[in-house]
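Letters A, B, C and D name the chains as they come in the text, with residue numbers starting at 1 for each one.
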Amino acid sequence: MNAIEMKSITKRFGPLVANDHIDFDLQKGEIHALLGENGAGKTTLMRILYGLYHADSGQILVDGSPVHITSPKDAIGWGIGMVSQHFTLVSPLTVAENVVLGYNKGYIYRPQEVIQNVTKAANQFGIDVEPSAIIRHLSVGERQRVEILKALYHNAKVLIMDEPTAVLVPQEVDILFQTLERLRKDGLSVIFISHKLYEVMTICDRITVLRDGKKIGTVLKNDTSERELARMMVGRETFGVYRQGEQKAGNPLLRIENITAVDKKGLTALKNVSLNVYEGEVLGIAGVSGNGQSELTQVLSGTLKPASGKIFIGDKEITNASPSEITRAGVGRIPEDRHAGVVGELTVAENLALESIEKFTRRSTLDKRLILKNAEQLISEYQIKARPTDPIRTLSGGNMQKVILARALSPEPRVVIASQPTRGLDVGATEYVRTKLLEQRNRGAAVLLLSEDLEEVMSLSDRIAVIYEGQIVGIVPGTEATEEQLGLMMTGARQEVKQHG
Amino acid sequence: MDTFIVGLIAATLRVATPLIYGTLGELYSERSGVLNLGIEGTMFFGAFVGFAAADATGSLWLGVLAALLGGMLAGLLMAFFSVRLGVNQHVSGLGITLLLTAVSLFFFRLIYGEPRIPPSIRSFDQLQPFGNLPIIGPITTQYALTYISFLIIPLAWWVLYRTNVGLNIRAVGENPEAADAAGVNVYRVRSYALMIGGGLMAVGGAFLSLAQLGAFTYGIIAGRGWVCIALIIFANWQPAKVLWGALLFGGVFALQLRLQSTGLNLPYETFLALPYVVTIIALAIAGRNATGPAAVLKAYKRE
Amino acid sequence: MVKFRIEKAPAPLWIKPLIPLIAIIVTFLVTSILVVMANANPLEAYYYFLLSPLSNRVSALETLVKATPLLLTGASVTIAFASGYWNIGAEGQLYAGAIAAAGLGMVLGNFPPILAIPIMLIGGFAAGMLWASIPALLKVKLAVDEVVTTLLLNSVILFIVSFLLNGPWRDPVSGWPQSPQIVDSAQLPRLISRSRLHLGFLVAIIMILIVWFILTRTSLGLKMRAVGHGQEAARFMGVNVGQTMLTAALISGGIAGLAGVTEVAGIHFHLIDAISPGFGYSGIIAATLGALNPLGVGLAAMFIGLIDTGAQTVSRSLGVPVYLGNVVQATLLLVTLGMFLLQNYRIRRD
Amino acid sequence: PQQAAAPKTETGKVKVFGAFATPIEEPWDGVIHAALQKAQEEGKIEYEYTENIGYSGDMERILQETAEQKKPNVIFGDAFGNEEAVRRVAAQYPDIAFVFGSGLGPSEPNVSVFDNWIHEPAYLAGMLAGGLTKTNKVGIVGGYPVPEVNRLANAFIAGAKEVNPEVQVLVTFINSWFDPAAAKEAALAQIDNGADVLYAERFGVIEAAKEKNLWVFGNMSDQNELAPDLVVTSPVWNMTPTVEYVIKQVTAGSYTAQDLKDFSMVAKGGASLAPFHSTESKLPADLVAKVKEKEQAIKSGLFRVDIDERQPAAVN
């Protein structure tokens, strides 16, 4: 029998039809993937199921009987749990408090008793968390486990996971998959959203593909292939993007010397990091999230002052320089969180101009015509689907990322710092971004690529540095690197530090 | 201990009483994620409603009850605008202060006309649990509402940390999206918190009209609501610390009046400004650590 | 049971221009209950509220007089809020400007008006900036929440005013807590004879236009809006967030300080502790009703001025308690705010 | 120069307008309003008023509007905090009599001033206080140390010292016109400091006396009903003589700008000591007799109470 059946679900946002008469069913004990490009309507469909949105029309059946779900509370009541892309945890509260939140019975709240119950549940479901820990102190992977435990504690029979692996490293992904496998055996049904086809092929039983709000079809894993799925998603064949040709020996354009930095909580996040990135190469940095990548980007972007050490662009020292001085020195930056790289309420044109505002200012008055012209030019050059006067928050993730690329790359920077450039992007958009980055390399720029996606690091980098607990634990040539070796280094197994080139 | 100190302590407790109610009320609002600048008006409204009800029914306790209910209504109104509709919290709070002050005065006029001397009633008697014992006797000679305010502090803590309503309030004040996803009705929890808060604020106002004065006049709150806004930060949003903040302010206020009457003539403005300045300095020292509940000032709207 | 829910979707377009009108009608329906309770005719009451101030030249001009400080505090709040700096302290900054105006106004006797008045305006602007700099620096340097510090400093400056008026500045002529009258040359000239409309009104209009120009036409304004809508992103794009916010806070304080100058030098010629019945707070209302669009803020300030002017007429003419004016104002504020938000929503049946 | 014209209303009554900066619950404006209402009830005038005008610039507009639209014969009000506004408008309408409470002098041609001059009954109250105190300490709680308040306090002190040279008088200003809770706290502070008789210049003090069961004096109007057993009496200000005088002058067409001070003093019935009500029986007879004698002396002009407008010390 079907655990869930969604019949002819339609949801409009103004003129946009995010879900167009979608039928979807989930069998008991299966892991069912939902695939689709950015904006295909996956999240929307799941938010409807979880009561966060209301469908304009359509019907939801749980265990065969029609139900009305108007809030997450209803959904939880019907045995549905959701782990969203952005975690929904209250950070000053404890794990146990988060788990029982909204579900604790009676009027009185007894902390000890709740911790006991949650400990029991964690053991029962085999989920490794410390119930009395404060969420704020947990890693991303741990937080995700809290989310899962929360759903299970609420008696979820159906678990929706929206891009759960986007924030995890391979080892954590393995743990997650093991957990899901085990839970599935106990009768849990899972809806699994991901952009990574190999993950979908690893863990799922069936796959439903959405495109532009419409359902393209549902296929059995055993009857399909990654290539077919990609074609269903984008409507054409796709090919991976790989670096071509060998790196020419060049000058170091970006030199990082003994950088030590302290994060917001006062902990040492970077310890004596030294790196050179050469003309015409991509240096990839691989690592489990939270090992100092964010701080490294922030230091290089001018938004975090290092405690010691020096940074040079060519011969120019930019240690402690402000973001605008750094861009002027010839650095193009792609931030790890694209929403943190643009001001949502401002227009596309304004976002494109702000970084180099002096160029668009005459006697401190804005040259509006120049700003518009600049935007129109970049929009057509980078094939951005937007108008210059659209507030940038209305753009899809891929288009927003293109705006950021256009802004960072159009001045032809000598150094490009790209952090998680394709996180959450669909196949097509990912391909575009990777191509653009390799264009920079081929043009002679030094590209520093930070990514938690090993496949991405391996296919683009000439050299790969691995970061662990704020230190570079090794550098390997891209041609020699294997996934196992990198994975080991990422968990702290130390390698002999080799500088290449 | 001489009478100066004893009198000072007793006065401090009296002056602190309305501030304790008001600050606890604001604490509940803010812990749920709503800065309630309607506090000044809500206290005024409580003073008026309490007085009018006590006058009409002849029962002071019915007056307190009426103030409590009136304050909860005021909290509900704040909830409607700031929570339901998601109106900017500064503006809705200021609007509610303006509205409740004006409405109170309007009805005061309709009921009492234009009296030459403020209408008065027989106010609460003070309790004297220790009779005329030296020192302890005069210090403990206080209104029942003062005693209740001290009892409400642990109660407020208990509700916040040991009930599910309290857990929900803390959650929606920090991360309403998360609470919502966990099945907590953010709007409802915030509305409850604002109603509890409004009720407390109004009782603080009613203390002035029913206990301290036994009368209602237009200047009766005289900015005490704004003082509470300062105290809440001083108290770092912790119920227990509200006590210390209120006592500090009450003590300084009582002290300057007492020093004046002994002939020591200091510029009283310095004294009165002291609690504000101390709060600002405390904030400067605590700096970023003194940030309140994360969701304060942010309206929650499920997309 | 039929359930309704509110859903995010733009309301039909024709609603937009009607919003202020609907808000006014709703307000009047709600407050009519009070008018009836006071044994008066609501229609008459609203005639006095809205139309009588405009029915003759004198009171129409008075509406503008009343709007002058609101235009300034509205402009002040607008530039701060647009930059994400929640300045609740326009009231205190107004008093800082008023103190400066009263102080300068006592000593500028030897200067001709052409010098004295600019000195007054600059002095008031500087004083507003100075007072605003305390919470602004605390915010920028130590990340201290400005909502509370600005609110608290409003009370603190009243103690300073009280200290001055009861001490060194007490008027020797009347003995009352008010500063001595400012010299003639420092008084703002009247714009129109037989009315009180003074130069301050022009200053206020100019400030509204300046704020509009800064926000929409300058790189500073773009930076301010960027900071206002997304500090982290703005910082990433090379905007000096602290400096931008500080600039906004100081300009905001300065403009509020000008409101103090116009009241002292245009209306009172003394400093008194009741010089503002909450213009700083009304400025927040004007800024919000005007949706932080300087031109809208200007209109909102004028409208508040109109209601303020009408309120006393209502009570005088109909014998309704004078507080009705405040009730109407507060209700209108809340209703309009609600309406503004509702225009982004549709009400649907489940 | 005599300017004001005789009344020309349909009813033949003088048309009077009241313009008050505060709400009329405020005692000072309340006294003026009460006298005007009384005159209206007695059929002597037509009366309309506006209150709560405030100090932020509305006074001028309202006076101007009133003068233009209502064309009253007389405008009564208080000019404190609005002095220039009143005088500026008055100058534009020389046909209207402007009679305002003010600390300054009259202005030609049409601004007359009055003030509350209840220092004489305050002196008498001081005598009673000096005689009643057991601890030889009495207290005064006032608003701001302005001349109007200072002269009451100083007269009260002088009266107390006359009957009891030993007495100490405590003076506290709460520095607000309206914060009854603060006034009460100030009074309680004085009581803790030994005061056993209080003078309630501001509202809130009587509540403290009530709580501690002490003698207390009201102010401005007869406040006996606030605590019938404890309010000995109150120095009372009565505007009726002023109002009647002005009406007579206006009716006769002989109104001029003048200082109406005398009409607010004991001799003309503008100031008095309120009746003792039920407290009289509990007061020492000789003290009462002494006070009544002094009252006569003041009325007949044989005794003059000094007008001292300097701020009194905190302890006298």
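In this section, a residue touches a chain if its C-beta (ideal position, glycine included) is under 8 Å from a C-beta of that chain, and two chains touch if they have at least 3 such contacts.
Please read all numbers here as calculations on a predicted model, not as lab measurements.
Among the pairs B-C and A-B, the greater number of C-beta contacts is found at B-C. Centroid distances from chain A, each centroid being the mean of CA atoms, peak for D. For the pair chain A and chain D, the distance between C-alpha centroids works out to 76 Å. As a whole-number value, the distance joining the C-alpha centres of chain B and chain C reads 27 Å.
Distance between chain centres (mean CA atoms), chain A to chain C: 45 Å.
Looking at chain D, residues 23, 175 sit in touch with two or more other chains. With touch defined as above, residues shared between interfaces to two or more other chains in chain B number as follows: 105, 269, 303. Each of residues 162, 323 in chain C touches at least two other chains.
Two chains count as a pair here when they touch; such pairs are A-B, A-C, B-C, B-D, C-D. Residue ranges on chain D touching chain C, taken from their complex, read 23, 48-58, 60-62, 64-65, 68, 80-81, 83-84, 102-104, 144-147, 150, 175, 309.
Here chain C touches chain A in the complex through residues 5, 7, 9-10, 217-223, 225-226, 229-230, 232-240, 350, going by the rule given at the top. For chain A in complex with chain B, the touching residues are 50, 52-53, 71-73, 75-76, 82, 84, 87-93, 97-98, 100-111, 150, 154. Contact residues of chain B toward chain C in the complex are 35, 81, 85-88, 90-92, 94-96, 98-99, 101-103, 105-106, 109-110, 223, 226-227, 229-230, 233, 267, 269-270, 272-273, 276-277, 279-280, 283-284, 287-288, 290-292, 297, 301, 303.
Chain B makes touch with chain D in their complex at residues 3-4, 6-8, 11, 14-15, 105, 114-118, 120, 123, 126, 208, 212-215, 217-220, 222, 253-254, 257-258, 260-265, 268-269.
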